[in-house]
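Have a look at the structure below before the remarks.
Each chain gets a letter, A, B, C and D, in the order it is written, and its residues are counted from 1.
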Amino acid sequence: MMLQVILAISAVLFCFGLLATLTRSNAIMVLIGIELMLGAGNLNFIAFWKFSTHPELLTGIMFAIFSIALAAAEAAVGLAIVIQVHRRLRSVNVNRATQLKG
Amino acid sequence: MNFIDLLKRIPEICKTPETLPLEGKKLILDFVTWLGSLVGIAVPPWVLTLVNILVVIVAIIAVFLIMFALMSVWERKILARAQNRYGPNRVGPWGLFQPVADGIKMLTKEDIVPRNADKVVHFIAPIVMLVPALILPVLLPYGRGMVAIDLSVGILFFFAVGAGSEVAIFLAGWSSRNKYSILGAMRAIAQMISYELPLVMSAVIVALVAGTLSPTGIVEAQGGYQFGFFPNWFVFTPWGFVACVLFYFSALAESNRSPFDLPEGESELVAGHLTEYSGFKYALFFMAEYVGMFAINGLLVTLFLGGYQAPLPFLTFIPSWCWFFIKLAFLAFSLVWVRATMPRFRIDQMMQFAWKFMLPMSFAALFSAAAWHYAGRGLLGWGISAVLVAIPYFALGYFCFTRHHSADNRRYLFSE
Amino acid sequence: MHELFQKIIALPWDQAPQWLFLIPAFVMLMGAAAAVMLRNLIHCALCLTLSFIALGVLFMALGAEFVGFVQLLVYVGAVAMLILFAILLTPAGEVAASNNPLRNFKFSRAFAAAGGATVALLVLVSLLGAIFFSPHARAVVPPAQAAIAPVKAIGENLLNHTLLPLQATAILLTAALIGAALLAKEEKKS
Amino acid sequence: MNTFLLLALVPLLPFLAAGITALLKREQRGLSATLVIGAQTVACAISLFLFAGAITAKSGAIVHNFPWLTFGNDTLRLGLLLDPLSAGMGAMVSFVTLLIFIYSVGYMKEDRNFTRFFTFLSLFSGAMLGVVYSNSLLLTFICWELVGLASYLLIGFWFHKPSAAAAAKKAFITTRVGDMGFLIGMFWLYKAAGTLLFYDNGAGCLEQAALATMAKTMVGGLAVSNIIALLIFCGAAGKSGQFPLHVWLPDAMEGPTPVSALIHAATMVAAGVYLVARVFPIFTATGAPSVSLTVVACIGAFTALFAALIAVAQTDIKRILAYSTVSQLGFMMLALGVGSVGAAMLHLIAHAFFKALLFMGAGSVIHGVHEEQDIRAMGGLWNKMPLTFATYAIGMLALAGFPLAFSGFWSKDAVLHAANLWPVSQLPFKMAAAAAFLTAFYMTRQMFYVFFGSYRGHTHPHESPVVMTLPLVILAAAAVLFSLVATPAWPWFEDFLAGHNAGFELAALREPGFLHVALTSTAIVFSGLLLGWFIYGRRPLSGVDPIEAASASAYNTLANRCYIDELYDATIIRLVALTGEISAWIDRTILQGAVNATAGFSFLISYLSDGIDRFLINFGFDHSCNALREYGSGIAGCEGGRVQGYLRVLGVGMVVLLAFLGWLLV
C-alpha cells in the first residue's frame, strides 16, 4: 500500500509538471515543469529502491544521484538557452521560437 | 524514584565537568519520568524522545542566542578598542547589558513594510533566513558524545541547509521592490555561490582524508598527539593549513562579514537587501547572520582545529566542550579583528579572488592531501604536500595578482 | 478525560513514523501546484523551491538521506537560484503583436490551456489507474526495508560499479558548464 | 641492438626528419635545420658504425629480409643488406651528405623556403641511403624513384625561375626514359629469377642458381642475363648521365649549389654506378667480357671523352664541373665495363669527396661574388678567398689526377690500369687517356679563369662563413687522405670490397704493368696542366677565349654541347610531336565521328523515351505528386514548431498506450 501511495504522489507531481509544460507559454515555466517531472522520476527511483528486495545494491540511489546531476546540467543549459532566446526575440514565449519549423 | 534523589544528583553531576551536559540531559529526562509517575502513568518512550529532542533544541538555541548577545557587545567593544575609544559601557557592568537594551529598542521600533512590497514574501524572508541558521548548529559536536544528531552525512547536511539562506536573501531583496535591495541581494547571492565552491571543496578535502562525512568522525580522526605533544589537527598539515585558510575566507564571504560585506556596503547600496527592513524583522536577520557565522566557524573548528580536542595532552583536564567554545571564541575574536583592520573588497576583485585564486588553490590542496595520504601521512608526505601547495600558491600569485604592466600605466588622480 | 488520554496513547503510534512522509509529500504537492498555477513568475519559482525542499525531506523520510541532501544542495542551492536569476534576466517585455490576429485572440490561448490541462488530467488518470488497478498493483510488494544507504557504500558504489557513468557525468557537467557560459554570454556586435 | 634495426634506422631517420620538417612552419628555420642535421648525424654515426663492423666482420654479407606484400600464395619480400660494398658506399654517402647539410645552413641562409629545402634534402638522404642498403631490386627501385623525385624537387627548388623549372622537368623526364628500361629489366628479372631479392640464402637473384638459369636461357641470340643487365644499365645510364641520356645533368645545375654538390656530383649520379656494381653478377653471368659489359665499357669510355671535350668550352663554373662529373662517371662505367668493380667504387668514393669539394668550393665562390656564375666575370680570387682557393686547388689537383698525394691520381690510375688490361680492345683505354688529358686541361683553364689574373667582375668578393668553409676543409682532407687506402701498394679499399684483407706490398708499385700506366698518366696530366698554363696562364685573359680565337667553329660546337639537345629536338622530340599530331588527327576525325554517331543514336533513343515518359508516365506521376503535395501541406500545418503541441500529442499517445496496456492486462 505504501509503495502505491508514494507512486501516486509521484504521479500527481509528474502531472503538475506536465501541466506546467503544456499550458504555460513562458519558457522558464516550461523548464520548471520539466524539473518537477524529473523530481517525480527521482521519487520513483527512491520508492522502488526502498521496496526492492536488495536495497543494499543501491541501484535506485545511484540512479537518483545521476539523475540529479543531469538535471542540474539540463537546467543550466536550458536556462542559458532561454536567456539567449530572450536576447534574440525579446520574448521567452515558447510559441514565438518557431524558426526551426519545417 | 523521588524528587529528592533527583536533587541530590545535581552536585554529583557537577563534580565531573566533562560529562556535565550529558548528565544534565539525563536528569531532565528522569524528571519527566518522575512527572509522569506523579500523574500516575508510565511515560511512553516516544514522549521521552520528543522531550529529549526539545531539550537539545532549547539548549542549543539558548546557547547560541546568548552567544549572539555577548558577541554583539563584544564586537562593539573590540572595534572600539581598535579605533581607540571605549565602546558601550553605560548599560550594566562594562556595558554587558547592552544587548538587552538593543533588543528592547528593536522590538519596540515600528515595523515598516513598503507599500509596493510583496508583503507575504517580505514577511517570510527573515523567517526563512533564521530557520536554516538555527538548524545548522545541531550537527556540530560540542564535546565528547555531545552532538544533537550524529548524521553520517553531516557535512553535506551543513551545505544543503546552508543553501537556504541564499533563498532568504533573494526573498528579502526581491520583495522589497527597492533597487538597492535587489542589487544587494544579487551581489550577495553571486558572492555566496562563488565562495561556496572553495568552501565545499576544502570541506571535501577533510572528508576525503578523514574518510567520513560525519563531523564526529572527523573530530575523532584528529584525536591523538604526534610525538606525544603535537596535536593531530588537520590545520597542522600543509594541505590542511591551505584548506583552513581557504575555508576561513570563504566562511567570511558566506556570512557576508567584512571584508566581504559588499552586499551591505553602506557607501554603495545603503544596506543591501536589508534596506527596507526595520524593527524585529531586522533583528531576526541580524540574529540569523550571527548564528550562521557561529555555525560556520564551529564547522571550521570541527574540520580543521580538532573540534573539542585539547591542543596539548596536559590540558585535557579542561572539559572537551569548553575547548570547543574556546576555539570558537578565538575565531569570533579574529573575525572582529579582521573587520577592524581590513578594507572592503571591490566587487571584481572579490569575484576574481574566488574564481581565479581560491578555487584553483582548493584543487591544489585536494591533490596535496591525496599525496599526503598516499605518502603515508608521515614527514615525507608532509614535505611533498607542502611542495604541492606551495607551487600553485606562488604560480597563482604570480599570474593573478602581480601587475605585469609597467608602473607608467597607472594614473594617480587625487592621491598624489 | 483520562480515558481519552489513554486512548490517544494506545493508538498504534509505533506505526506513525512510517507515514510521517505524508507531511513533506503534502507540502511538496502543494508547492508544485502553486508553482504551476501562480501567475507571478517569482512566486512560481519560490513555490518550486519549497516543493524541492519538501521533496528532499521526503527522500530523507524514505531513508535516502544522502540523496535528500544532494537534492537540497543541488536544487535549492543551484537550480532554484538559476531559475530566479533567469527570471530576473528575462523581463517579460511588451509582447509585440503577431501578424496573425487569431494568434492574439484570448480564446485560442484559453483553448490551448484547456487542451493541455485535459491531456495532463488524462495522463494522471491513466497513471493512477495503472498504479492502483493494474494486475501488477495486486502483486506482492516486498515489505519496506529498513533501507539505510551508508555514505561509504554509496561512495564505494560510485567508484566501483558506476565509475564510467560517473566519469561521463563529470564530462557532461563540464560540457554543460562551458556550454551554458558560452550560450549566455553576450555576443559581440561585429 | 640488432643489425637489422640499425640498418633500417639509417634511411628511416632522415625520412622521419623529412616528415616532421614538412609539417613545420616556414619561420621555424632553426628547428628544421637542427632536426634534419641531427637525424643525419645519427644516421651517419650508425652507418660509420656499420662500416666499422663490416671491416672487422669475417663473414661476407648480412642479409635481413622481410615480407612486404602478400598476394595469393606469393609473398613479395624486401630486404636490407650489409656487405662491404653497401657499407662503404653508405658511410661515404651519409658522411658527405652530412657535410653538405651543414654547408647548406650557410648557403641557404637568405632563402625564404629554408625549411622546405631541408625537408627535400632529408627526403633525398633517406631515399639515397635506402638505395644503398637495399637487398631487393624492388626496394632499390622504390628508393631510386624517390631519389629522382627529390632531385626533381631540388633542381626546381627555385621554381620561379623558368630555367630551373624547365631543368627540373628535363631531369625528371630524361631519367624516366632510363628508368623505363630499368622497370622492364626488373619485371624480366622477376620472371626469369622468380625473386627480386639480391641475396636470400642461395635463392636470391644474384646467387648461383638464378644466374646459371639466366645465363642458359637465350632470347634472340642473347643470354637473358645480358638483356636484363642491359635494361638495368639503361636506368643506371639515365641516373648517371651516360652518353645518350646525359643531357639533363648539366641543366640540373640550375638548382642550389649544395644540391649540385650533393645530388649531381657525389651521391645520386653515383647511384647508377652503384647499381651496376650491385647487380654486377648478372652482367658477368655469361663470363667476364660479356656483351653487356662491352656495351657498358664502350659507353663509359665514350662518355668520358665526349663530356671532357664539352667541358673545355663551357663558361659557367658549375657547368664545367657538371660535364666533368659526366666525364668521371664515364670513367667509372668504363671501369665496371672492363670488369673492375673495385676500381669503379674506388673512383666513385674518391670522386665523391673531391667533386663535392669542388662543387661546394664553386658554391662558396658564387656566394662570395654575389651569385655570379660566369667564370669570365671572375678572376684573381685567390687572395680574396684564400681558404676557398686552397681547398678548391686541392680538389682540382685531385680531379686532374696530380700524382702521388691525391686520391684522384690513384683511383684514375686504377681505372686506366683495368682498361689497359681489357682483353677485348685497347680503344677504351686510349679514349680514357685522352679524357684524362682533357680533364687536366679544362681544370687548369677553370683555375686560371677563376682564381688567377685580375678580377673582372663588378662586385666585392668576400670569403664565405665558417659553416661553409669548414665542410670544405674536411672534404679537402678526405680527398687527400683517401689516397692512403687507395694505392696499389696497400689496396685496402679494393680488397675490402673483394672481401679479403690487404697486405702492404711496396713492390706492387714497381710492377711493370702498373708502372707503365702510372708513368703514362703522369705524363698525360702534366702535359694537360702545361697546355692549360700555356694557353690560359701566360697572358691575362680577355673576353674572348683563346681557343675561340684559334678555331671559332670548333669552340662553338663544343660550347653548344655538340648540339646534342638540338639533335634531340630535331629527332626525338619532333617525332614525339608528330606522333601526337597524328593521334590527335585520328582522335578528331575517326574517333570523334564514331562518338558523334553513337551520341546521335542515343539522342534519338532518349527522345523517344522522353516522349513515352512525358505522355505516359509523367501524367499519372504528376497527378499523384500534386495530390501528395496538397495533403503534405495540410499535414505540415500540424508541424507548427510548437514544442507544447508536440508534447501534448505525446501525452495523448502515452494515455492511449496505457489504456491499451490496461485493456491487454485486465
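Brief remarks on what is shown
Assume a residue touches a chain if its C-beta (ideal position, glycine included) is under 8 Å from a C-beta of that chain, and two chains touch if they have at least 3 such contacts.
Bear in mind the structure is a predicted one, so any value in this text is a computation, not a measurement.
The most central chain, judged by the distance from its Cα centroid to the centroid of all protein Cα atoms shown, is A. Interface comparison, C-D versus A-C: the higher count of C-beta contacts falls to A-C.
Taking the mean of the C-alpha atoms as each chain's centre, chain C and chain D sit 78 Å apart. Note on chain placement: the centre of chain A and the centre of chain C lie 7 Å apart, centres being C-alpha means. Centre-to-centre separation of chain B and chain D, using mean CA positions: 83 Å. Here the spacing of chain B and chain C, counted between their Cα centres, is 30 Å. Those residues of chain C in touch with two or more other chains are numbered 66, 70, 78, 85, 112, 115-116, 119-120, 123, 127.
Taken residue by residue, chain B touches two or more other chains at no position, since every residue touches fewer. Residue positions 18, 22-23, 25 of chain A each touch two or more of the other chains. Taken in their complex, chain C has these residues touching chain B: 5, 9, 13-14, 42-43, 46, 49, 53, 56, 65-66, 69-70, 72-73, 76-78, 80-81, 84-85, 88, 150-152.
Residues 41, 44, 46, 118, 121, 151-153, 156-157, 159-161, 163-164, 166-167, 170-171, 174, 182, 186, 189, 193, 196, 211-213 of chain B touch chain C in their complex. Contact residues of chain C toward chain D in the complex are 112, 115-116, 119-120, 122-123, 125-127, 129-130, 133-136. Across the interface of their complex, chain D is touched by residues 18, 21-23, 25, 30, 94-95, 97-102 of chain A. Within the complex formed with chain C, the chain D residues making contact are 644, 648, 651-652, 654-655, 658-659, 661-662, 665-666.
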